[in-house]
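Structure incoming, see below.
By letter and in written order, the chains are A, B, C and D; residue numbering begins at 1 in each of them.
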Amino acid sequence: MNENKIATDDMNYDKILREIYKEVSPLFNQGKVVQYIPALSAVPASKFGMAVCTLDGDVYTIGDTDERFSIQSISKVYALTLAFKMVGEDMWKRVGKEPSGNPFNSLVQLEYERGIPRNPLINAGSLVIADILLSQIPDPKHEILKFVRKTSGNSDIQYDNAVIASEKITGHRNMALAHMMCSFRNIYNPVDDVLDVYFHHCGISMNSIDLARSFMYLANHGVIPQSNEYIISNSRAKRINALLLTCGLYDESGDFAFRVGLPGKSGVGGGIVAVLPGKLSVAVWSPALGPSGNSLAGIQALELFTTKTGMSVF
Amino acid sequence: MNENKIATDDMNYDKILREIYKEVSPLFNQGKVVQYIPALSAVPASKFGMAVCTLDGDVYTIGDTDERFSIQSISKVYALTLAFKMVGEDMWKRVGKEPSGNPFNSLVQLEYERGIPRNPLINAGSLVIADILLSQIPDPKHEILKFVRKTSGNSDIQYDNAVIASEKITGHRNMALAHMMCSFRNIYNPVDDVLDVYFHHCGISMNSIDLARSFMYLANHGVIPQSNEYIISNSRAKRINALLLTCGLYDESGDFAFRVGLPGKSGVGGGIVAVLPGKLSVAVWSPALGPSGNSLAGIQALELFTTKTGMSVF
Amino acid sequence: MNENKIATDDMNYDKILREIYKEVSPLFNQGKVVQYIPALSAVPASKFGMAVCTLDGDVYTIGDTDERFSIQSISKVYALTLAFKMVGEDMWKRVGKEPSGNPFNSLVQLEYERGIPRNPLINAGSLVIADILLSQIPDPKHEILKFVRKTSGNSDIQYDNAVIASEKITGHRNMALAHMMCSFRNIYNPVDDVLDVYFHHCGISMNSIDLARSFMYLANHGVIPQSNEYIISNSRAKRINALLLTCGLYDESGDFAFRVGLPGKSGVGGGIVAVLPGKLSVAVWSPALGPSGNSLAGIQALELFTTKTGMSVF
Amino acid sequence: MNENKIATDDMNYDKILREIYKEVSPLFNQGKVVQYIPALSAVPASKFGMAVCTLDGDVYTIGDTDERFSIQSISKVYALTLAFKMVGEDMWKRVGKEPSGNPFNSLVQLEYERGIPRNPLINAGSLVIADILLSQIPDPKHEILKFVRKTSGNSDIQYDNAVIASEKITGHRNMALAHMMCSFRNIYNPVDDVLDVYFHHCGISMNSIDLARSFMYLANHGVIPQSNEYIISNSRAKRINALLLTCGLYDESGDFAFRVGLPGKSGVGGGIVAVLPGKLSVAVWSPALGPSGNSLAGIQALELFTTKTGMSVF
């Protein structure tokens, strides 16, 4: 019933992507490649890839779209989808649906709200999701990877073990969050197991085309358009999109909604993926980050994309 | 270009509104009418009005839609629109665009971020908007009322002076916010003048039909559809909608996006108004509030509305 | 029974004060004279006065001890003494007795603890004290001045109206605190009246000798030694000293207890006064402040004083 | 030079202790024995022991002073003394000296102040102390136990392994604190090792007489009076006493200074120990705790003790 029907016949995506690439390239050396994960800090700041997948089956690309990168927090969306599918609305007893405000606030919030994270896209919330998966299925790491391969249609997607090992060494903040939630009895499995699942899905490596494709079920009412495989109900796909819009870009979510106007999710590896429900998904990768930890050129590229195409949920 | 084109020919709004009224009425006595504004505390909890205005010019109503109520925080959207029109992007130097998180957090946030409120829809942000208007025009109270009359098409809309007087007596928290922002030099006009503007626009009284109509410019790319009068650019209308979606329902904004899926704004008088860009606006009034200060039956009515019609920005 | 009897016959206070003056003078240009109160910002950073008053009736001085300065927050102790005398233990229903922690925390604390300030020596607490006095006596400003003249034995001590006027203009933060406490119903009198009392007592001007003398009742079990006039009970004098030790130097109270080891109170005018119960009081004035808002040379002078004399409550 | 010389010849401690026991016994069933450490939750609330040790070598006791209890946080003072002895003033680069304010504030404080705990007597601060000891000596657990045996003069004092095992299972909050400080690089040793030291010293078991004796070095200028063995300098003993006074009783430190007027330290096992420098130490044990986690009857007993004897540092 609700279809964002857009006259795209005359939309020249290739030209638009070329313009975007040119306009955002001056930003590549204005951000900073993530430093706290050693295995990622060596990625050149000049990398840039952007891919658009339409529901009609077309794919448009520009730049380094063959190159894999670490998707990091973007992976939280796959884990969330799996957990939502398994436990349904019960999930919301253990994790909220509200934006989290200021990053400074994260721990005091967790304490004030008795170990219930604000939403499943912040780290604390994603740890709860990992804990839920551990209680539901024997091997969440295997299931998440299977899910990503299925939704992207690329069976060759892998965990990057160097990144995962690197995160385990430096992940004290996530361990702190997990232990605090244990103390409030909102983590049931051993903390090390929870972090192992979490660090693994953050360590998935894929390219921009895979990434755009793997989000198509959220642009297509819960069904993978390539294979027609049902993932989740239309209602739940919408709800995940709502969470992406309000909480998907850390403390820049409001600004992203304001400037770009699409549900999206970012990762500190420099990737961002967004969807226009009923129409398309778009992924961009540019490793240099701005102060909020989101890809500087990536956000700008998506803003130009929605400006030039006139697309937006608003 | 971006049009949410929906086949509504066969949509029976009257029937849908009748069903909604019946389904939400058990909630009337489960919430609490606002108490801290004495002039509002006597409104019967059983009042309910709901109005839908489509871009095609149709209006559908049910319940007490002739009755005026105090729109309270909903009025922040009018003030924001006026200020955005006047000062443009400079506005964002003085107020943010991010959801505010936990209500408990409001003052510490203001302090941590040196007197810059998180967004223009929380009280602190709206006080900055009032201050901006005072610096721009000689009589903001007159202009805001004029704006509401124009966008709603009802020249009889008034300030409710009893409510305004009542708020001035109890408004110590807002005075505290204003003085704190003064101390950070983010309020330039006398605090009493700023609060006078703020309390006035919160004290506007109108009915559900007026309210739905007055938001049509946000559903119609910045233009009043009735009169074809230009208010703001399409790009800015989208941006205000983005703010409504991420910040419009206090600490229940995420939940509202999740359940209802439309940009909207609520007030403690029990009103909520939402828009589906390219299609319609919908207002509901039910004075009994839930724990976050939003109308309990109002949110439920809007959730049923988007479920039954299949409408959502997602 | 509990007497800190010290063999002081052989203590050469004059020599000690001379040594201190010499040792602390390099610090005069390392701090910053308070800027936010215009009337105080012009005081030369090189001013220094120090006075010791013993229970035996001796007075030892060095430097600019004839010169008056604005005692600012030190005055909170007089107001507290008066209120404690009047309402007794009931006072602690409206204000706490605990150190306040981080300054950043002040407003969130006030909110978290429902408008009850942590202690009567932070600004919020002192505003509650002013409110208590306004409810108890017709003219608190008159009574506080009378109290200071009596305890110091100097009937010529005055309010500095230029300073008071200056604070009223810039006192937005204190107004914010007062309004917030109004909203929690912990301020009963009009906010302007409360602030008028508060700004007045902060605007008392006196010299170091007056200041040291005026605290002798706290060194002498609640009795003014010069006149033998009873002010408060021994038990209450001890309790005020306990508050001074735990809360008297803003967020440097722990450090002051650690380094100096005496109950004391500071003001942003650069004054600090401390007492050794059973023995003496000591006042120091040096307007250049360190990062916590306490006199840099003043703290150092008091640390040297207790080191050289071997005095301390510990 | 500084001696709290008190005429105690005529002080009848035995009578005073008998009166205290009688007066506080109604409080035994008004508090709650600690629940979160299973091994401690079974201790009867009616237990009560109190011991006074004077510098003259006298010991006065009443109640269950032969019975051992878990000293918990009191042990932080021994660890602090050892670390202060070893690294001196450098310690204060890694831990502050200020009271911590509201307990709710602990984690946000740690974040706001970049992993530097407010003082060495809160859990976070004591974890830093454990980390310092691990970097300084091969076997901190052994050294701490040796220190306690030496200062108490009782070579039979032991770790209670059941309590230690019990804490390790439930200590998620402390693990969270340790990991957060790791993330700020203020913990250098493996978190498990740090917690092992911390949980061990908290699991020391001793009776009230041992406890009072073991704090005599703080009442005696840094020297064990029984053996005349030098522990720390007079200046550092005073400084530790200052920390006890401002930070020793969690969020009731101000109230304890106000009511009791002595430097002291409490533990959730129901023990409290306090010293009057130059005169005596006093320990009390009563397992039922008040809302701040301190022994209800214990605080009352110490208030009665200082009231009846007229002793106080103020």
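Assorted remarks:
Criterion: contacts are C-beta pairs under 8 Å (C-beta built on N, C-alpha and C of every residue); 3 or more make two chains touch, one makes a residue touch a chain.
Model, not experiment: these values are computed from the prediction.
Think of each touching pair as a link: the shortest run of links from chain B to chain D has 2 of them. Look at the CA centroids: the one farthest from the centroid of chain A belongs to C.
Put simply, the C-alpha centre of chain A and that of chain B have 31 angstrom between them. Taking each chain's centre as the average of its CA atoms, chain A and chain D sit 48 Å apart. As a whole-number value, the distance joining the C-alpha centres of chain A and chain C reads 55 Å.
Looking at chain A, one finds that residues 104-105, 112 touch two or more other chains. If the chains shown are joined wherever they touch, the resulting network closes on itself as one ring, and no chain has more or fewer than two partners.
The chain pairs satisfying the stated touch condition come to A-B, A-D, B-C, C-D. Remark: chain C residues 1-7, 96-102, 104-105, 109, 112-113, 118-119, 235, 237-239, 241-243, 245-247, 251-255, 257-259, 261, 263, 277, 307, 309-314 touch chain D in the complex.
Residues 104-105, 107-108, 111-112, 170, 172-173, 175-180, 182-183, 191 of chain C are the ones touching chain B in the complex.
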